[in-house]
Every structure is written in structure tokens, then in C-alpha cells.
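Note sheet for the following structure.
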Amino acid sequence: MSKRALRIGMIGYQFMGKAHSHAFRDLDFFFDLPVTPVLQAIAGRNEGAVRQAAEQYGFASYDTDWRRLIERDDIDVIDIVTPNVAHAEMAIAAAQAGKHVICEKPLAMTVEEAVRMREAVEKSGVRALLCHNYRYAPAVQLAKRLIDDGRLGRIYHVRAQYLQDWIMDPNFPLVWRLRKEVTGSGALGDIGAHILDLARFLVGEVRDLAATMETFIKERPLGEMSGGLEARADRSQTGNVDVDDAVAFLTHFESGALGVFEATRFAAGNRNGNRFEINGERGSLRWDLENMNLLHVYLEDDEPGLQGFRTINCTEPVHPFADKYWPAGHIIGYEHTFMNLFATFFKSLVDGSPCKPDFEDGVRNQCILDTVERSAATKQWETVEYR
Amino acid sequence: MSKRALRIGMIGYQFMGKAHSHAFRDLDFFFDLPVTPVLQAIAGRNEGAVRQAAEQYGFASYDTDWRRLIERDDIDVIDIVTPNVAHAEMAIAAAQAGKHVICEKPLAMTVEEAVRMREAVEKSGVRALLCHNYRYAPAVQLAKRLIDDGRLGRIYHVRAQYLQDWIMDPNFPLVWRLRKEVTGSGALGDIGAHILDLARFLVGEVRDLAATMETFIKERPLGEMSGGLEARADRSQTGNVDVDDAVAFLTHFESGALGVFEATRFAAGNRNGNRFEINGERGSLRWDLENMNLLHVYLEDDEPGLQGFRTINCTEPVHPFADKYWPAGHIIGYEHTFMNLFATFFKSLVDGSPCKPDFEDGVRNQCILDTVERSAATKQWETVEYR
Amino acid sequence: MSKRALRIGMIGYQFMGKAHSHAFRDLDFFFDLPVTPVLQAIAGRNEGAVRQAAEQYGFASYDTDWRRLIERDDIDVIDIVTPNVAHAEMAIAAAQAGKHVICEKPLAMTVEEAVRMREAVEKSGVRALLCHNYRYAPAVQLAKRLIDDGRLGRIYHVRAQYLQDWIMDPNFPLVWRLRKEVTGSGALGDIGAHILDLARFLVGEVRDLAATMETFIKERPLGEMSGGLEARADRSQTGNVDVDDAVAFLTHFESGALGVFEATRFAAGNRNGNRFEINGERGSLRWDLENMNLLHVYLEDDEPGLQGFRTINCTEPVHPFADKYWPAGHIIGYEHTFMNLFATFFKSLVDGSPCKPDFEDGVRNQCILDTVERSAATKQWETVEYR
Amino acid sequence: MSKRALRIGMIGYQFMGKAHSHAFRDLDFFFDLPVTPVLQAIAGRNEGAVRQAAEQYGFASYDTDWRRLIERDDIDVIDIVTPNVAHAEMAIAAAQAGKHVICEKPLAMTVEEAVRMREAVEKSGVRALLCHNYRYAPAVQLAKRLIDDGRLGRIYHVRAQYLQDWIMDPNFPLVWRLRKEVTGSGALGDIGAHILDLARFLVGEVRDLAATMETFIKERPLGEMSGGLEARADRSQTGNVDVDDAVAFLTHFESGALGVFEATRFAAGNRNGNRFEINGERGSLRWDLENMNLLHVYLEDDEPGLQGFRTINCTEPVHPFADKYWPAGHIIGYEHTFMNLFATFFKSLVDGSPCKPDFEDGVRNQCILDTVERSAATKQWETVEYR
């Protein structure tokens, strides 16, 4: 094939490393893109682990020093899937080296970091993508289309929840996602950032907010420091949990809509309940990641007596991205959100079309996360100051 | 039959008058109570309307002056189903006259009123019932039983929504439920009070909160002042809406649980979406009034691989109150919440057993409603000061 | 009130006696009918039981001989809620005595009986109602309206199931509903007749069919012979179950539609799963008695990309019968199907309007039930011969 | 990597070609198999189309004559994804050439063909796989495990439906799936075969059955003869539809269970509704392909009052195959059923473990399909004669 190769260097290799690698590999199969992603190199500190990841994911080479990836001439895009603490340094270095950047969310540990990342990207002229992949579920894209077309009219309400339950066991260890110095915040940055991004995508900017944060289990066994979801506990020692187990906040949007957000890892029975409902003057929408192919749509204009939420299986050729995959009713899964995201980004690299979310979105999201923490501390409404 | 008659005088006759009257009439059929409710008299200012209500509901007499009902010797219980503005004066007069009191929610216009009502009841020694009927849905009673039995363990989260959409049309008139002088507050007291009562019933007392209130449509055509849900608009004049269309608030419960509440009349497609989800360390519960016979129960103790929310149709003889009605799977409707409530109250009148919710609950609910309004004004967290 | 009294004599007093009595009592409250049902007398062989029923249900008198009810001048309508074996004799006697007749389903034990019942009614000129109450759920009435309005176009498919599980325990006793001499058939006549009636109501007549019948538990402890659902077992003796536990049949409708029917009492977890789905060239409908307020409607004409089943809560004033009860979203229950049925019948008695289902429907239903048994025996397709 | 390559030659390239190719490519990523599938060659008559398929799917070479693929020494497995008419000739030739065979369902056009295919495989000693991929949905595998563990006890009922709506438009052209000479049968072999396979997998063999088949639209515009789902119509000519649009049949299983099956392409609003419910003496199961990650499980042993269907999201590491993919709650899609199927087959090629469904299953399935057609013709129950 005569397509130009788009050579990718990945830094990190855990859950997100797997999700990204898989999407890169599958892109050519489903999409007719002007470029072909090539898994050029992967970097990680633990040699055994990174070698194994390279083999499983299909990278041509690996390195234990991420800086060497950035220095290589045969890499076009740096993809950062490390814990949050490393995002800024890596992204800035990559941008300065003229690499396009893909970065996992949340963008940074602080607003300050996020702003510097955005500046580095702007200055170097590279393109940058922030991986809020859920925007790219076909049902969410359909939601966006309906809202932009005015089918809901003025938006009154956004209520969004991201409910998980994977750390409810008090003996679950203190993995990196529970340590502030590595992750920045807990449920807030990990899953709260996702529902904020969906709300910004669909309804626009947040003006001010009031928040509260909770840590229900304050001490946990130490786990493997590099550990992911499957970390095993070393019960001989414990450490303090210094991030939030749960966060909730009320918001006013600039448009006048009222937002109610909640993110928690203590909602028993909710494995991955990323949900929103949006109510407008002419209709409403409901979505739930656990049944991510479905969008529930209520239209006020439907004839009297026949009004009700429609359950739309967004797998028809007419639905966003759905024509790339299978016939109607043959559902797609989690991994396709990344494929849709990366396909859009890679196309934009070639034709210069816009691709969101970018680091500007990351800064704005970070400004809101920062305001949430501030409001939880001051115990009053705080206005989001966008940078 | 040799049962003692329990003679009821009702004040008011609209939607709640219909719901209460119906429940009184049906009680003897389904329950084996020691007393028989008798529809003795009904009062209302509009003679035509109250006469028609007396006929439709089956009251033996009617009056245009509620004070005369209270003076009658042949009435045992005064049931107040008027707009909120009148609750305090009527309930206090009834209690002072030695009548038991049933009062629709919210109890009063202010905490001050609510406290005086409670005092009047305490002083006179009569019994008083506050009509938060949703506590008495069998599924909610089962939820209570599970929580009290420790099946959920420590409670982490309560999220409750009461979503309606009946006033979304800007041309819907300024009925009494939209006029502060008559109703006190909007969505807050009308439906927010209901979800607060459910939360207090199931999880306990609220410690502090942060709230916001919204009025999306600020001017409406004047409607018939006496009007209920079916009010017709007089479009020649308009008036200001001085109550909330929507309210949202975050709470900390005294137990440490985190609450997220939202009540709105602007959630298109939600005809009567009174819903809660409660997450505890050992399980979770979900309920929705629109499918009120169902309780969704997740139990952490279920064997691995078979964990998931159970959809329980609470119509089996083993379920609360369900043995009074039909065989399993034959669902009951809205009206049965009142039957269960009144059956419990009437039984308590005879045997002296406790019956909740009472005016003490009303005062506490009102203290929270009051704190919501205060927090919405001060834009900071406010501690509930119970009286 | 000046309304004419409609004096009812009921024969039988178990589950259906309770359901009918309740509906009669509530009618005046919800409907503005030209007549008022009066519970004049109830008959049953067991004096203790019938006296208790009279008291609980509110009948003015009782009798241990049903013939005396029929002889009374002060009774206008005879309502038959006995086991099936007695329907024919009672209905014929009632009709001959000039009483209007209400009869529980299935109409008779045999086609022969059913035809004689129809003839007696025709000859005497009285009106007769067959209690297939589920036709009168508002959601089913809406389904009928949509089909009659051509909203589904040509009907291709009907699939209907009535799934219950109340006799799955092999120790559940041999109650009358399990004894052929008293009930005629098992699941077939008890619940199969219901889904047949719904299908006939909505889609029209059945032309031919192929059927199979099963008895999974062939021997059971003897129970109280008069027993209803709560019958206790006398384990010292057993008897043979000579009726079907389950039945399934394929049908061709006269319109060309294809039907698939299944009725069983051995579907664990299905307390009362009376469900149908109808597929036409322009749309589809789904209904389930356990969530009886909901109708799920798919319309092919919906715009591409927004097609999906709508979940319609049939509680709005615009929905059939719903304006009689509560505001939108306040659901009704099982008992209201009887109220809607009887309200329609009683109105028809006064104004001469048609009211279905009548004994003609009963004969046709019986002809199909009969053909089901025949086909199960011959193991081939059999044409329904309507009488 | 030192894994042995498993070189695949595919014949055909439409919908199933895409699904198989994708699965082959993804296998190494998710599974740690002892072999690596290599897309060696693809064959098809239309050179332009097969070249494009080779490029899109990633095959190293293509050919317009499938016989040349079978003759090649560098191919280990022949994968047949052509219309049904060609299955037998190709599979037999492949087996005789010593290639392992993968074949799309239904196995053949007739029982005779199917038996010859099985014989060719047995004689040559190669392994053969029949692609009833839905067996390999994790939720279906969990269903199997529960049934095999006796959690449902004796099985009473199987009801299975495969409902689609993609040819409802009378102007949809006469694609190969609607032409008997190419496809053998219509809904029966295409989707009816799938639900039969699921039933055989879960509940065992069918003993006898009664069936009916319908063709609602008997004449259609001619389409492109090679066409798949996206075929465009040539309206200038029409042809007769000589396969079934819908089929329904009742079955007795050898175990005594009662089956009710329905497959149709005329169920408006059902894009891909492959559903079953199984009822046993101790519990029930429900599954629906459109929400394929969910299994609904009812267990009679659950404590009284807490009985209800559990909604199990089969994405936890404890669930079959789920540990290969993503964390709990991150759903998988249609394509993973093929991955699980092929992973199991490829592993079995190396270690000699059994892998079902095989051509023996194909013969048995074909015997049932054949009996369905026979019963629809004779209009009586027919016993399945297994070959």
C-alpha cells in the first residue's frame, strides 16, 4: 500500500497502553485513512514489563528511557499513557521535539502544568490530542448532532454520573491511582474528568460550581507501586489514601443550564456506570456507557399520546462512525471509542481539519477540576477561571 | 359490622383530595382495620366545586367554611389537602379542637409555622400524620427493611431525583403551585420535599448542604387562581414566577453518606420520575416511581460471576403490604401508597403504635428545605439547624 | 344521587370475586356513569366463606344457593366468578331469568357449552360480558387504536406469551385449577385464553394452528378442593394432574399474519408475564402486563437515525381511560383493567352501545382452545371451525 | 516471536469475510495462543472485489480461483465464507487436500451435502469448525456453565427468537440471501440455524417439531447477484422470492423440554434481535444479542422476597473470555464472538482439545433445518432423523 506511515512512539503500557495499541492496529482495517499507524516503539521503566508489552501489543522496539523515543527521527507521534504525574514533562518534551502528541486524560496534575503543555504545543506547531474517548461513542456523537441541530432547544439540565465500584474492598491496595503525588486526584481526575468533558462537548462551558469530595477508606495496604487494576496487596504495611474516593458538584453552565455531577468508586454494583441525561426545552437524551450503543431520545414534538423515550441502537449506517463496522444491530464495544477518536485525529493530521478534544480542552477541563478542589475546600461556590 | 367509625373531615378537594378520598373508601376492602373511615364532611371556599367534590368523592356533607368542620363533634380526623399556605392555621385549629390531623406535604410555609404545628399537636395530645406517601410503596418499604437489616452495610451514597415536565410550556399559566405566597416554594417544596423524606426515611438525617435554585421561565400568563394541574390560561395578563422551577443540592448525612438531590419540573419526557439510588458497602438499591412495584437490589455477597442488580417485583405475599392486594405479578398503582399510609395511621390511632412520618418529620423536612433556600442565597454550604 | 342502581348478584368469591367486587365499588368514584353498581348479593356453597366474602367485599346479602340469586327480582346483573365447570349452567339460567350476565373467562368447558351460552343470551335479549380484562389496559387500548388507524400497516407477526411460575413446586397441591373436571384445561384455558383474546382483539381471527401441550408434574398432593392460589397441601394423598402445565401453538391468522403463542406455569421468575409483540409493515408494538402502563412503539416512519422503540407511559390524559385516574406518570395497577371493562359494559347497558368481549368472543375463543387440544392430539395443523 | 504461523486461505470476502479477517488479525493481541494466524491468501471470482478485500483485510495475496488456494502448500486452514451453495464442494476439496476447514453456517444446502462434508473431514483427519459464533459470547458461555452445573435443574422451556427487519422494504432487491439456489433457505438457514445451535448447545438435541414458513413479499426487484446487505436494486426487472421470510416451529427436546422458535426478517424495529429465554426447575436465563454482554439470571434458591432476574454484565475477569479484554464494565462487541471462537479452535488444533461446533453439529443442525422444511410441507409434526 502506498499510504504514508504514521510512526508512533508510546510511553507507558498499562490499561491505556493496551487500549491505544489495539486501536492503532485496527484502524487500517476499518477506516480508509490517508495514513497508516505503525507501532514503532514503546517506552517504560521496567524492562521486563515493557518488553512484554512490546511483544503483546506489536511494537517494533522498546526502550526503558522515554527521552530516547522523543529523540528518534523515525517517530512522528508520541502517545503518553503513563500515570498523570509524567504527562506534562513528556508532552512538552515531545512537542519541543516536533512530535505530534496524544495524551491520556486528565491532561495534567495542575492548571499550571496544563497551560504549559498547551503553550508548548502552540509554540511548536504540532498537533495534540487529549484522549477523552467517550466523546467518540456513536451514540454520544449522535447526541451532539441532535443538540447542535437544535433538536433539544435551550438546555435546562445536565446530570452526569460516573459510578464505579472497583476499590470498595478496604483491602484493595494503594495503587498509583490512589496516590496524590502520582495521580493528582482520585475519582475527580480519573472519571470526573470524563463526564466533565462529555458535558463541555455537549452543552458548553461551566461558569461556576459548588463541590464536595470524600475519602471513605482513609488507609489501605500498600500495593505494588507500579500496579494497575490488578495490583496485589502487601498487607504488612499500610498507607494513607490522600485522594478522593468520590466527588459531587453542582454547576451553572454559561448557557444557563444547571449541572449535577457525581463521580465515585464506591457505588456497589456499578462496574462502569458513565451516564448522562440532558433535558432541553424540546427534548431529552440519556446515555450509559455500560450499554454504550444505545441513545435514548425524547422529542417533545412527537405527537401527543405517542411521546416517550426512543431506544436507538446507534449501529445503523446512518449513525456516526457506524458504517465503518458491522451491519445494524451488531454492536461495537469499548475499544471502538478509541478507534473513532484516533481515526479523526490522524485524518486531521493530514488534512488540517480540526480535531477535538485538544490541549485547549485539557486546560479548560483542568481549570474546572481545580475549581472543584477549591470549592470543596472553601465550602462555597467558586467561579471557574479559565486560563 | 361492629367496627368503630373514624369520621373524617377533609379541607380542600383537588388532586390530593381525590387521592385521599379514594384511599379512605378503599381501606376497608383491602385491610382488616379496627376502624372504618367514614367520609363525613368536606370543606372548600367554592360552593359549586366543593359540592361536586362531595358528590364525586362520597362525602356525606360539605361546607364552605373549614372552621365549621373543626367545630363539629361528629368528626374525628381533619385531613388538610389545601395549598400549603393554609396548612398551619388549619392544623393548629384542628389540633386545638382535639381532632387528629392528616396534613399534605410540605408541612408548612416556614420552619416557624412547622414548629408551631408540631407544638399544637404535642400540646393537645392528638396524633398527626404528614402525607409523604411514597414511603409506603412496597418497594420502598422493602428498601427500608434491607437497610435496617444491615444488608447494605455502611451507606456511602444517596442520589435522588424527582423529575417532572408538566410546566415546561411557557404558556402554562401561573397556577397556585407557581405562586410563592400560596405555595412557599416551587419544585423544592412540592417534589424536593418528597425525595428528602425518602432519604431521611432510608438513610437518616442531613447535616449540611449546598444548593442552587433556578427559575427558567420567569413570566407566565395568569391562570385561574384556584387552578390545579388542568388550569387554563388567561393570556391577556401575565405575572412573575417567584418560585423555583428546579433545585439541586449536595448534602452530607450525619452518618457520613454523601447525598446528591435534584428536583425539577423541566426534565422533558420525565412525567413523574421520582428516583433514588443508594450505595452501601455491601450492596445497592434503585427505585423509580414510574415503575414503583420494582426494587432493584445489588448484593455484594452474591457469588462472583453472578453479581448484578436483581429486578424484584414487590407484589409477592412476602413483600410489605402486598398480601393485602393481588397475587404476585399483578401490580398495584399510585393510589395504594396512600392506602398503606392511612392503614398504618388508622391502626396506630387505635393501638397507640408509632406512625411515621409525623409532624416531627415535617419540621425536620422543613428545616432542610429552609436550609436549601438559605444556601442558594448565600452560595455556600449551610448546616441544617433542626428545631 | 339520582343515578339508577345496577344491582349485582355475584356467584363465587375467590380471587376474581375480589377483583370484580373491588372494581364495582370503585366505579362511581372514577367514572361518571349513568348507573351505580350496587353489591346486592353474593352466593357460594360454603356458608362461612361466603359470609366472610360478603362482609369483606361489601355485599348486602349472601346465599349458599346460587339459584336463589337468579330468582331474585332485585338483581339486574349476575356476575359469575366460579370455577369454569359451573359457567354454562349459571349463565344460561341467568340469561333465561332475564339477567344481564358477566362471566369470567374462559367462557366454558367446551365449545358446545359456549354455543349454548351464546344462544341463551341471544334468545333472552340480555347483554353478556366476558371478562378478558387485559383488553382494557390503557396501553392495550392504545395498541388497538394504532393498529386500527393503520399505523402498523399490514401485520406480519404476533408473538404472545403468558408466563407464570406459581405451581412449579412439585408439592404445590392439586387445586381446582389443576383438575380437568373443574377447570377444563390448565394453562391453556386459564392464561392461554387471555393471550388469544388479546391477539383476536388486536389482529383478528385465527385460521388454523399447530399445538403441543405438556404436563411436567404429573402427580401432586391433594389440596383443599375449594382452594385458590394459597391452597395448602394434604400430603398424605396424591392425585394425577390431568391438565396441561404448558401449551404452545403456531397460528395463521385470517389476515395472513403468523402467530406464535405460549402459555405456561413453569417459567421460573415470571410471576405474571403476559406479553405480546406485534410486527407490521410500518411499525411494531410490545407490551408486558408486569409493566402494564407501558406500551413500546416502533414506527418505521420515524426519521432515519432516530428510529427506535418508544417507551410510552400510558398515563396521560390523552391515553385511553387515563383521564379518569391520576396525573401523567402516576401509574395505575391490575385492578383498573376491571374498572375500565365494567365501566364500558355498564355504559353499554344504558345506551345500547356495543361492548366487547361478549359471548360471541367467548365462543370463538373456545373454538380456538378446542382446536389447540385437537391439534395437540392429532399432531398436525388443524383449521379452527368457528361455530 | 517463535510462535508457529497458522496460514489461512479465505474463500469469499463479504460480510463474513470481514468479520473473520478482523478476528484473525486481533487474536494475537488479546490471546496468548500457541499459533499466530497469518492472512495468506483470499479467493473470489470478481478480481476487482477480491483485490480490494485482500488490501482492506490484509491478505498477502489473492486469487480468482478458490481451487488454487486449496492446492497451495503454504496454507494450513481454508476458511469458507461464501454463499451456502458453495460450502460443500469447497469444504470437501479442502479436507481432501489435508487442510483444516472453517466454514460459515449453515453448513450446507442439504443434509446430504452436510453428511458428505462430515465424512470428508473424518476421512482426511483434518479438523473442522462451523461458525456459530454466538455460542462464544461470554454471556452465552456463562449460561452454558450454569446449566451444566445444574443451577437451573431440569429444563422445561426454551423460547428463542431471531428477529431482524432488513428486507422489509418491498423494493429491497433479490440479493443472494433471498435466492434458494444460492442460499438453500431464507430466514431459516440464515438466522434460524443460529438459534437452533444455541438451543442445542445449551439444552441438547431436538426430537421432533412442527413448523410453518412464510414468504410475505413474493416478488422483488433484481439486485446485483453478488450483492450483500448493501445491494442496490435494478428496478427494471423483478424476480420471485423462493425462500422463507419467516419461520416458526415448536419442538420437543430429547430431555423433555419444550421449545418455541421463531426467525424472521420482518420484525420491524428489531435490527438484530437474537434472543432466548430458558426456564428450568431451579431458575431461568435470558439473553439478547443486541445487549450481548448481559445475561439475566433468575435463581429459585434466592431468598424469598429478594427473588428477581439479576442483570449480569459479563465483563468481569471471572466471566468466560472476559479476562482477555478490558476491565469490568467496558463492554465488548459483535466481533469478539469470532475471536473467542477462533481462539478456541486454533488452540484445539495444537493441543488436540475438542472444539465445538464442528461438522457433526453442522449435520445435526442441518437435519433439524431439513425437518423444519418437511414439517412445513406436511403440516404435521415430524421427527428429526439424525444422520
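As written, the chains take the letters A, B, C and D, and residue 1 is the first residue of each chain.
In the analysis below, a contact is a pair of C-beta atoms (placed from the backbone, for glycine too) under 8 Å apart; a residue touches a chain by one contact, two chains touch by 3 or more.
Keep in mind it's a predicted model, so treat the numbers as computed, not measured.
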* To do: Please decide if copies chain A and chain D contact each other with the same set of residue positions, more than half shared, or with different positions, and reply same or different.
  => same
* Structure fact -> Higher number of C-beta pairs in contact (B-C or C-D) found for C-D
* Structure fact -> In whole angstrom, the CA-centroid distance of chain B from chain D equals 54
* Structure fact -> When centres are defined as mean Cα positions, the distance from chain B to chain C in whole Å is 36
* To do: Give, as an integer number of Å, the spacing between the C-alpha centres of chain D and chain C.
  => 41
* To do: Can you tell me which residues of chain C touch two or more of the remaining chains?
  => 270, 307-309, 313, 316
* Report the residues of chain A in contact with chain C in the complex, numbered from low to high. => 142, 297, 299, 302, 304-313, 316, 318-319
* chain D - residues contacting chain A, complex -> 1, 15, 19, 21-22, 25-26, 28-29, 55-58, 164, 166, 229, 270-273, 289-292, 313, 315-316, 325-336
* To do: Mind listing the chain B positions that touch chain A in their complex?
  => 152, 156-157, 159, 161, 163, 165, 168, 210-212, 214, 216, 246, 248-250, 252, 256, 258, 260, 262, 264, 266-270, 277, 279-284, 298, 300, 307-309, 378-381
